[in-house]
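Following: one structure in structure tokens, then a few remarks.
To keep things simple, chains are lettered A, B, C, D and E as they appear, and every chain counts its residues starting from 1.
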């Protein structure tokens, strides 16, 4: 492990981490503009062209606002909670395969932070850590409502973790590996000439489960109960002012990006163009490095599409009641997940491992 | 490199476990428990058992401690609990724990298995495959076991009043 | 073992970012603690009663059931990993899965039927 | 033919079983018939066996295996040779007569069925004893008769006196039996077997055996005999045994059981032959017992007690004969004594029967005219026992006395004591006869003659007493062949006369003279003048009257300390030591329990601590080797 | 990359973690903390089993750890249910309150 490798590693990690970090302000803008578009209003357009600098303005505002800590709160946990939710959110991007690989300084560099052979498990594991942020946030702020909000939010998140897991298992069963990079590689090329080898065609139900569960994991709208403005004021982060509240928003958007990244990798062929095989693309572009760049761009556009879908869904679909919410996952999603698992296993057995 | 990491995470785990035992507030001890298990997961990675690290985080920290925190929140009493029982009891407990620790250490150091982890280690695939070939029977029994536990816990935990 | 170093780096960066934000907002933000501001926010009404919710076993039951089902679900992962390879060994793993899932489904059915989660 | 031998004792055994166990609701008359039938049957078998033995001269043998342990192969062995012939015939003969007699005697008693079953059982046991070919089988018979004597003495168990007498008899016999057993064990140790023939050959071989061992065996066996045949130290039970019904006394305590000891000594004659000290001891004890019993008999007032002491003294004489070596004479006296003593007892029985239970001669007298047949038979027997010449007693007693004189073991001392005994016998027997049958009737019951059922056995035994002498006339009379001598020739060691201090004739004249003197003295003292009886005699008579205070002596020496010991146990040891210990245990557990409860303080922490401490201790203990 | 140091730092850590768990188990009066310290002890053992199993190049130990963790999960579920009932009974989880089985 000489210094050059370390330098490359640090640079690569920093690069990808910054990419995800910058997605957050963009998302803030997209969210506000999207909501405005759907509600047929102009949305923020004062600060900078088309309001592009609005997120920066928000960020600066948050930094300079006072950050009160309520008397009944447990000071230590109150401070730690936002960090507890932000850190896991930023850790999950480590396994996202932005691109294939690039040859620089004589070494082959993978276009992702780390290629773990247990990537999917890692994603789920780190995802499950996020619950603590919510729990401690709610409990520490010493407010009955925020505690209730925290309890509800965490019940919902943990309940939807299981269908998420089951969907992931379906994908893993099909590809026979945990590593996202290998799954992405496996999705190159076409079936029967016209159908791209994407995961969604192998695991449609799996994708459907994963998609729904991802809404719940990130507390996005249909499953927006915990932080609903109407009932529980702001849910578990009621007492948080200024930047700590900002951190909650950041964490939420980073979760969003990483989970859509995972969905893209698992079901939408990662960095592959739908109908163009990598080899042909390489021929057209010529150099491997350039191809790497193109692959990253393709991956990010797919993630962007997903993000827009999230925003779009948020402002169109009404909210579920808590018991409806629970009934969906325990009554519908988990059984569906199991059935999907059995079906995939059966089909694979029947096809004799062709897949 | 990994020695530093080992030291770091070792200290993290031990420190937090002390925190668990000696913190005045139960919620804080739960928090320290999370950190200590996180450190432990890192140690599993250092022992070259990444699969266990992930399982530890996924199941242990991700589910069991969540349950702990839930219960701690639901039960939590407002007054700070008296940490320790009578003086003499604490003293004897300390001596006992200390001597048991020493004995354990001596046993571990001198046990034949004190062999460095090296060479070709069983890969994740071989381990998982062994789970379904060699240990198929416990795997099946496990689901029965969990079924029993589900029923048991429900019977135990449901509100006797309106159940 | 080596490719976990970036994860460690990422953890480092994340901690740096989080703590820097906290420090920045604590350092830059004004500090005027007013009783009103510091009281628990209840839509403007003064908060009364202890901040701790009465014990609701519903949430506990959800958490326990999650724990038990999650533990069972976790076993699917190693199964999925080796399922594709094991096909040439014949349908052992399929049969194993069917039995395992059958009993697992039984548990689930019990949870739903006995209304463990107070859904009704 | 040899199967008949076990049948001999099985018939009475069957009779006893039928009466006793099976046919429980039998009428007394039918039970009596069964009893009689059984004894007569066994008499018939004995007779046929005797014919066989006399004809062939061979002993009939029958045996089966019993215990085979290690190097000992103890067998149920039965033999019917000339010697047993005599005893078997005597036992079954007199037994049948007494069965007949007791039908009449026990007519209106309620336990007749039980009585006859015990009698049959007794007969069976006696036959086993007599026909046994080894000491062990003999011992089985020995115990059987002991049991029956206990049962029959305590027959009227409603009265404490009878049961006490029964127990006394049994216990005293046990003392003797213990010694007897030791003797058997010693035999087993030395000879390796207990059958008479094997022992005889070994003794004859006279090679490796130490004389001291033989002495010990002889002595131990004789102590057993002392218990059974009521010799000096162990005779106390016989006078009390008179508490039983009179036929019992007649059969057991006169004719058969008491002679078992003598039979055993004669059977082991070959051993005593070689063990002079043991033989001498036998003779001396015999002589002393005879003198001792005779003196007491002279003073007794109860008719049956007189006869009992007379039996003891006659047994002493028999042992004297056996001791000095003349087993034939001793056996001859056994037979004759069986006859006249049975007759005396039956006579006494009919007198008591007639006087409805009166036993004290003070209330008798002048029964001569009222009970003629009883008187005649009684008178004949008295003469026989006193040694008046033509009758059986004279010959057998004379032979004994003569052999004591001439044998090397004997000597003047024994002879003079023998003479004194025969004199005293004559005296007290005539005293008894005079006081009961002559003079005027002093009682106030109204005596009547006994029914024929009782008088027939009386006449039969009286005939035996009269004619019995012919069995073994003195050789030099050359009148009739020495029937008995020749009969048991090979079976019992020959008598070697040593010195010729007096000729047979002179000795005979001296003994008859002494006998007649005794009779005349008794007639003079009691016959001519009106007898007066005082209940508390003074002077030397008190000694005899209180039977030398022997019973009191035993009470003091044995019974008192024993009773003291039991009281000690009851008062001291039992409550204090045993109960004490139990109470101690219970209190200890209580205290222990309370100590442990301290441990269970209810605090979970304390429990956990103890648990971990325990685990630590175990680990340290297991690991001590490693460290 | 064989790590010689690895052989014994694991032992120190396991022994230390176990005795800390044991200490907590013995000292604390709050049932929840006792349960947590038990989990600590269990994890220490799990760590050591994993290390030994890898040292012996066999996967058995790892499978054992997986099963151990699931059983621990079940144990915690049941344990907490019991503690809940205790709480319902006496509105407290202080261990010294429950002396019902006193000797």
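One rule holds in what follows: a residue touches a chain if its C-beta (ideal position, glycine included) is under 8 Å from a C-beta of that chain, and two chains touch if they have at least 3 such contacts.
No experiment lies behind these values; they were computed from the predicted model shown.
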Please identify each chain that touches chain C as well as chain E.
B
Can you identify the chain nearest the overall CA centroid, using each chain's own CA centroid?
E
Between chain A and chain D, what's the gap in Å when you average each chain's C-alpha atoms?
120
Between chain A and chain E, what is the separation of their C-alpha centroids in Å?
34
What's the distance between the Cα centroids of chain B and chain C, rounded to whole Å?
17
CA centre of chain B versus CA centre of chain E: separation in Å?
5
For chain D, what residues touch not just one other chain but two or more?
603, 605, 609, 612
In chain A, the residues touching two or more other chains are 1, 116, 121, 147, 151, 154, 158, 161, 178
Chain B touches at least 2 other chains through residues 1-2, 46, 48, 50-51, 55, 58-59, 62-64, 66-67, 70-71, 73, 75, 85, 89, 93, 96-97, 100, 124, 127, 131, 142, 146, 149, 153, 157
All chain pairs satisfying the touch rule are A-B, A-C, B-C, B-D, B-E, C-E, D-E
So in the complex, the part of chain A that touches chain B is made up of which residues?
1, 74, 76-77, 80, 116-118, 121-122, 124-126, 128-129, 131-132, 135-136, 139, 147, 151, 154, 158, 161, 178
Using the touch definition up top, name the residues of chain B that touch chain C in the complex.
1-2, 5, 45-46, 48, 50, 55, 58-59, 62-64, 66-67, 70-71, 73-76, 78, 124-125, 127-129, 131-133, 136, 139-140, 142-144, 146-147, 149-151, 153-154, 157-159
Which stretch or stretches of chain B touch chain D in the complex?
85, 89, 92-93, 96-97, 99-100, 103, 106-107, 110
Which residues of chain B touch chain A once you look at their complex with the stated criterion?
1, 25, 27-28, 31, 34, 38, 50-51, 54-55, 57-58, 61-63, 66, 69-70, 73, 124
Mind listing the chain A positions that touch chain C in their complex?
1, 9-10, 12-14, 17, 21, 62-72, 79, 82-83, 86-87, 90-91, 93-94, 113-116, 120-121, 141-145, 147-148, 151, 154-155, 158-159, 161-162, 165-166, 168-170, 172-178, 233, 238-239, 242-244, 246-247, 323, 326-327, 330-331, 334-335, 338, 341-342, 345-346, 348-349, 352-353, 355
